[in-house]
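Quick heads-up: structures coming right below.
After this come two complexes, each holding chain A, first together with chain B and then together with chain C.
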Partner chain A sequence: MWSKVIEYFPDWKAWMQAIVMTLIALGSYRIHGRLYKWGYNQPKQDGQQQGNSHQQGDGQPQNIAQQKVDGQQQGENQQQNDGQQPSDPWQQPQSQPSPQLTGNYDADMALIKEQLGNNSDVHFRDFRISIRNSRAVLIFVEGMQNEALINRQVMQNLMDNSFVKFEGYAMHNQSQAFAAYLKDKLLPISKISEVTDLYELEQSILFGFTALLIDGLPHALLVGEPAPKVRAINEPTSEALLRGPRIGFTEVLGENTALLRQHGRGADLELKMIEVGSRIKRNLVIAYMKEIVNKELLQEVEDRIANMNMDFISESGYVEQLIEDNWLSPFQQVQNTERPDRVISALLEGRIGILLDGTPFALIVPVTFSMLLQSPEDYYERWLPGSLLRTLRFFVAFLALMIPALYISFISFHPGLIPTELAITIIETRQGVPFPSLIEVLILEVSIEILREAGIRLPKPIGPAMGIVGGLIIGDAAVQAGIVSPILVIAVAVTAISSFAIPIYSAGITLRILRFSGMLFAATLGMFGTILFFLFICSHLTKLKSFGVPYITPASPYRFNDWKDLVLRAPVTLMKRRPSMLKPQDKKRRS
Partner chain B sequence: MFTRSDDKITSTQASIFLTDSVLGAGILTMPRAVVVAGETPDVWLSVLLGGLIVMVLIVVMVKLSQQFPEKTVFQYAGIVIGKVPAFILCWLLIIFFITIAGFEVRVLAEVTLFFLLEGTPMWATMIPFIWVSGYLLFGGLNATVRLFQLILPVSLFVLIVSYLLSIRIFEVDNLLPVLGDGLLPVFKGLKATVLIFAGFEVVMFLVAHMQHPEKAIKAMIAGISVPLAIYFFTIIFVIGGMSIDAILRSTWPTIDLLRSFEVAGLFFERLEFPFLVIWMMQLFCNFTCYFFGASLGISQLLRIKFRPVIFAMMPIIYLASVIPQDINDLFALGDIIGWSGIILFCLIPLPLSIIWLIRRKGLRQDA
Partner chain C sequence: MRRLSYLIGMMLLCSLLLTGCWSSKEIEERSVYVGMAVDLANKTTAEKQLESQGGGTQVQPLITATIQIVPLKSVGRGQQQAESGSIKKYLNVSETGNSIFEIMRNYSLKRDRAVIGHHLKVFVISTELAEKIELHKLLDFLLRDNDIRPSSMVFLSRGKAMDTLESDEPDEIPAFRIRDMVRNKFRNNKIYKEVILTNLDGYFHAKQSFILQNIAAADTGEIEFTGAGIIKGSTNKWIGDLDQENLSAISWIQGDSSGGLLKTVNDRNSIITYEILSGESKIIPKVDGERLSFHVDIKTEGRLIETWDAEETASKAFFLKEAEQKFEQKLETMLQNLMKKMQTEYKVEVAGFGDRLRITHPKVWKKVKDDWDDIFSRATVSFDISLKITDYGSSTE
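Let's look at the complex of A and B:
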């Protein structure tokens, strides 16, 4: 009995393997955990900073922290502050009442000049107003104002006294009345505002407003709106469609929100503006349909955006990376798009759009895997072509991910699994190839990636030539030279084309990265490795969430209602409901 | 609630978990085991009967579990029969799960080495497999079941297509005459067919994780019907395609069936390849079920966190999987697992239900 037990007792090799295996698993878990914490910094660090000033909540922790520092230093080294960090004085008004304009022309000018005079692009245009003969100055930043408008509507009217009629305003020659007169009669400008706060005035000037300061008036007038440099509205280059609107977002937030509004009348679209960036501030707009969006989802998005801690958000890619769920995942958890129609239809599904000033790329959250393989065209075309193309894209994504791995496992490990004649052909053509299949695939894959990367950088006229030289000639020459087999050239070419067929560029990159790890799996364990790789990716995808929505919904967990819009695109008449995975307030699209 | 904080699963997910925990290595080994036991073409009747019996057992376990909402067997056993006996019984259950997990991963290794990777050391196939499964389990029950949901439809599709394509070598004569030897061999076969459903014990902790435990009976019956149907088709098509004598000579009859005909015009001429791929994924799900069950048991029994237990389980399952020395040991182990499944049922849910009934009745009389 005992001898039998001992006979079946695993030997020391098995024990060692078991121990090593656990240690490796533990180790990689630890490393992953460390790495994750290390990169996942924002809310945690905020928490530490907030530790000092708890009651403030999570409004804008970076300001609170800075404020404290300022408060301490304020007394002794005001000058130093000014010299070293020009932006610090901007923060001060929050801790103490900000300096106001005094109404004394010379004193105010001196104050403003002290703050802004160092900038070479800030201009002070002194002139005299003819009707009162008082001094006045226009302050503006070069190139940011609409010069024609200022010349014609402001300077001309103020300096020309030919048609002055004081009417009721002339009765009391007081500054208030004069200001009112200026606004009511003299300055035919739609946007005009009074500013008394020095801090606000300076910031507005630097942002491109034209300020008018007149001797004897207690406040400054902002007369000209900033006229930022604008690109014309173009067709989005990264998401071209055959059918559908040809409008893409531009770099100006106001225009982008207008593009959203222009989609149609309706009071449902709500745009909430938030200022982001601690040093250079920028506007960010959260767009949603207020009667559709799930309130908790909206709250979550707002919280995450408020938690962003960055001195300058230069592109929506920053926002994406600061609010995403899992920074270690190769899959994007926020969708970016240049197309207003895409944003609008996402909003109508109950998603949330995030638009940042200065970039044509809007973000959509939450994102699910199937969205990455969908194109707006699917909905614009009739349902049969839409479904067909979508099915094709799912297939194409699979090809882009798996072809090299399958090639390696079939050629190196299981030639017996492919039909005999095909196997013979492949082996014949591979006879001269001196490398194992992994190296062979790597050579070609890497050169394709290089070609692709180089193609983006090249000037437009050379790009196609490069593609021909690189793709055709190198591929052919590599076969002729016997470095790779012709079958592989086909396989790699199909892979490359497949990854171009994925409608979202960043999703294509994800598949490109994963393809290489798939190749490694296949090179180690053949078909078994490929299966493991696939299971691994699937496991990762099922664990991944984007803003609380499982990444591969509705495929799993099953939401059969949403399946109408997954691989197939059901006829519009049948899509009566919004995706239930987003738990919208209003579930029906049509009754 | 937009983001769910509780790790509950829907009824569909529960059904799929049960399906996946039953449907595993059995597809490959079952025809042989059943035919060896029954030695008659009528064993498909045994499969149906076995399924029905298992359904009854499952109903008993669900009823028992429903008495203790939110509690798994590891938690409620103590309430019913006292701490110490419950502790021992639960450990038996955990060891049972570990053994099955080891068995599954070993079958996987044997099949892989035999059909795909000749000459590869066995650990090289088993260890990564266990790792990936552990990685999946870190996501919790919900993520795990989501993966099952993703894979099961595909596997069912490929299984059914493979079987349907084997119709060209299907001969009804192999299945005839029905009941030619009378009913006795059918009952003999029953011995083996109840075993192929081993693993249905997961019901005892599954019900506690359901969002709507009141729908458990329906969900669990649905969950067991799928493997019952698949096993039924498997046995029909394998016997019809190969005849009993061929099955008795074959180690993996199902694969041999798919190898014995060619489909012209496809990229792979034989269906054995897609079938193996799907079967491996299915086995992965199957293995993960028991991995989960064993880890959950230990973590609840000893009141430690779930994740450290997963790490601790990895080497244990690996060691369990290397215990059988050759494929005959492995098949013997399969039989032992089947029997211990029945024994465990007689040891745990049955007495627990009876004792619970008696105690509750007794309490009522007192009141």
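Let's look at the complex of A and C:
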């Protein structure tokens, strides 16, 4: 009997194969873990080094001023911010307090000039105030001040004393009274503030305020608001829609928050301002719906933003990369958008928006996979067209990812899977092609990618012409020259068009990257490799999380209710609840 | 621990180097054969020449297999496109041997691009060969091979099978022509329903008799479906033919005539033709002890499509009644002819009576299936035809 049992045991080759397979799986798991941790630890170590060298703990969260802002009053808040934050921990060690203005005009001027005088764009305009005949200076940065306002409201009033009345301010030689008199009577400007701290004064000047320093006054006046260079509100270029608001974010945070507020009345929208960047500071706003958002999620987002450690956050892309969950994943875990309506509807689902000053791209967290293939238009159109378009987009994403891989595996491995007539045509057209299918596809795919990359940078007038030259002529010429087969030109063209049909540009890039690895899989293992590649992506997606929310959540973990808004978009009347994947406080959308 | 993970990493990298493109073979480096014909060995002149120089298989050859390779190899695509209007699109290559697989592999000795069988569409056997060699021997390779699809159709040919894979029409691939001709069944019930490799597998195992569509070929490269050849289940060899009218009768019995015609002459000796619009049938087996009998109920509706009788107007009810009777008589004669051929001449059953019996009386079938052909030839078959002319077209007085 035992011999019978032993007969069924596989020989050593099968065991060896099993062991090797296990080792490969374990090994790749370990390597991934190591790599993941390495990337995650990198910035933290830097942070500690920096902190140590300056004898400062990295108590960043405490130093970040958190306050609510109202969009329209953002400018004023800016000033208050400056007032409340006299010093930056690493630039101004606390052992040496920041110098104050003394009231001694010459000394103060010397100090300021010492700090700012090296900058060629900082201008000092000396003049005399006629009523007291005291010296005064206007300090401003070229191009950032509101020149007309300063000329008319400040210079003109101070230099011209013809219709000045002194009553009530008789003691105008006293500096305090004179300051009050200036503010009350002489300077018809809506925003004016006093600064005594030298460091703060410098910062304000460099930020674009115009400072007025008058002999005999113990403080400087900030008279002109910075007039930042603003672009008009345009239709978002990267996310154009046929139906829906044609408004996009701009580079000014105040305007962007205002755009969010303007969506409608309601006290639910809360905007929390945080200052980010250790050397150059910028404002960042976390937007959420107070009554809807999950508190833990909000806490997590705030923590991650507080833990960002970067000298300068130049675009929201930095924020995205510093707060994302998995830096090894090709999939984005933070969504960026230029559309205020997209942000608002995400907020209403219980997500959180992050807006950074200086960029029109707002971030939405957490992201689930289906969001990458959804467009706001799906909801604006009726549910049938919406569902159709959305299904189409899922299909298109599959095409954009798989067509070259499928082409390679059909051509090089499984000629039997092609319909006979097509197979014959392919054989006929490929007879002159000297390359294996992988090289052939790579040639065309790479040239398409080059065209696309070049197309972004081409000057506007010749852009379309070059597109035609590149797309049509090169494609046709490549076929004529026998480098590629005409079938492939179709396949690559469909792939390229497909990746443009994906509503989020960065998701399109993800698919472009993955497409190439899919091609390699297909070239080594054929259809088996292609399916393997697809399974790899699926298993990666299943494991991926964005701020604790599983990436492909309605599918896995399975949440039946959320399927209403996945591939199909159910009628609005049926969507009574918010997506349960975000565990919002208020679950009901309509009662 | 760190060293171990480096080791594993190196192993993974090495495994990447090892994996070449294992089984990758570009499609244009192979050639596709879409048709295959087997004949009794008759070496072509080219083969004889090659053999004199030491080629070919040196055994008593039995079979000549001809495969149809598409597309032709072309050098310089521009010229090929210009000439495509006039040249043949296929190449027929013959090889002689006594094992189909050996023959298939011998093509690699003759041609640069290896032949692949994924796209085999039609397999034609000459009756001459089918008379001598059992069909299951000829088809064994086709049924076993993993590349060849079980959906390939099987045909017989009256003359040389390789002639059916010829065509004089430019741009036509004869194998596709045969495959597509079968689809014309909706227009003519003298075409037998397609028989594919999977069907044959079943027939062989059940030792069941069956028929295969016959193809006749002319020297001009034209072909025609001419009835069917009968393969006797017990021997798996060809025993005789059914003509086109017999085949049409089989379609009637099987309720498979969705198109086609019935032509007869009326009392005034002029031709009248009936266009079949629908044809249904029901075979009802009756078991009475040892006696087996079948009743076939045929219901058909159609149109009087052509009459050469100028005397009568088609719209008259009397005329239609008379025509209906004539058509019914004609159909009855056709059916009786078929029954005679099946029951007395060849003593086989190929019209699906056995299948019906198996479904309705499985226990009886178990007893009779081993010598079903014999038992059937003693069974009585009655027909009940109800033919209805629904209209007489758009033309009347």
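The working rule: the second predicted complex is superposed on the first by the 503 of 591 C-alpha atoms of A that agree within 3 Å, B and C clash if a C-alpha of one lies under 4 Å from a C-alpha of the other, contacts with A are read in each partner's own complex, and residues count from 1 in each chain.
The rule is simple: a residue touches a chain if its C-beta (ideal position, glycine included) is under 8 Å from a C-beta of that chain, and two chains touch if they have at least 3 such contacts.
For clarity, every value in this text was computed on a predicted model and none was experimentally measured.
K.L.:
Quick one: is A:30 in contact with chain B, with chain C, with both, or with neither? Answer first, second, both or neither.
P.N.:
second
K.L.:
Between chain B and chain C, whom does A:2 touch in the aligned arrangement: first, second, both, or neither?
P.N.:
Neither chain B nor chain C is touched by A:2.
K.L.:
Taking the superposition as given, does A:38 touch the first partner, chain B, the second, chain C, both, or neither?
P.N.:
In the superposition, A:38 contacts neither chain B nor chain C.
K.L.:
Look at A:552 in the shared chain and tell me whether it touches chain B only, chain C only, both, or neither; answer first, second, both or neither.
P.N.:
A:552: touches chain B, not chain C.
K.L.:
Taking the superposition as given, does A:525 touch the first partner, chain B, the second, chain C, both, or neither?
P.N.:
both
K.L.:
On the A-aligned overlay, A:12 touches which partner chain: chain B = first, chain C = second, or both, or neither?
P.N.:
Neither chain B nor chain C is touched by A:12.
K.L.:
Chain A residues in contact: does chain B have more, or chain C?
P.N.:
B
K.L.:
For A:300 in the superposed arrangement: first (chain B), second (chain C), both or neither?
P.N.:
Once the two structures are laid over each other on A, A:300 reaches chain B alone.
K.L.:
With both complexes superposed on chain A, which partner does A:413 reach: first (chain B), second (chain C), both or neither?
P.N.:
In the superposition, A:413 contacts both chain B and chain C.
K.L.:
Residue by residue on chain A, keep only those touching chain B in one complex and chain C in the other, then list them.
P.N.:
24, 26, 413, 417-418, 420, 525-526
K.L.:
Quick one: which bits of chain A touch chain B in the complex? Just the residue numbers, please.
P.N.:
Of all residues in chain A, those touching chain B are 7-10, 14-15, 17-19, 21-22, 24-26, 29, 294, 296-297, 300, 413-414, 417-420, 525-529, 531-532, 534-536, 538-540, 542-543, 545, 548, 550, 552, 555-558, 583.
K.L.:
Residues of chain C touching chain A in their complex?
P.N.:
Residues 5, 8-9, 11-12, 15, 19-28, 30-32, 34, 70-71, 73-74, 76-77, 80, 116, 118-119, 121, 147, 149, 176 of chain C touch chain A in their complex.
K.L.:
For the complex, give me every residue of chain B touching chain A.
P.N.:
1-4, 10, 12-13, 112, 116-117, 120, 123-125, 127-132, 134-136, 138-139, 143-147, 149-151, 267-270, 273, 277, 280-281, 284, 311-312, 314-316, 318-319, 322-325, 329
K.L.:
Which positions of chain A touch chain C when the two form their complex?
P.N.:
23-24, 26-28, 30-31, 34, 410-413, 415-418, 420-421, 423-424, 426-433, 436-438, 482, 523-526
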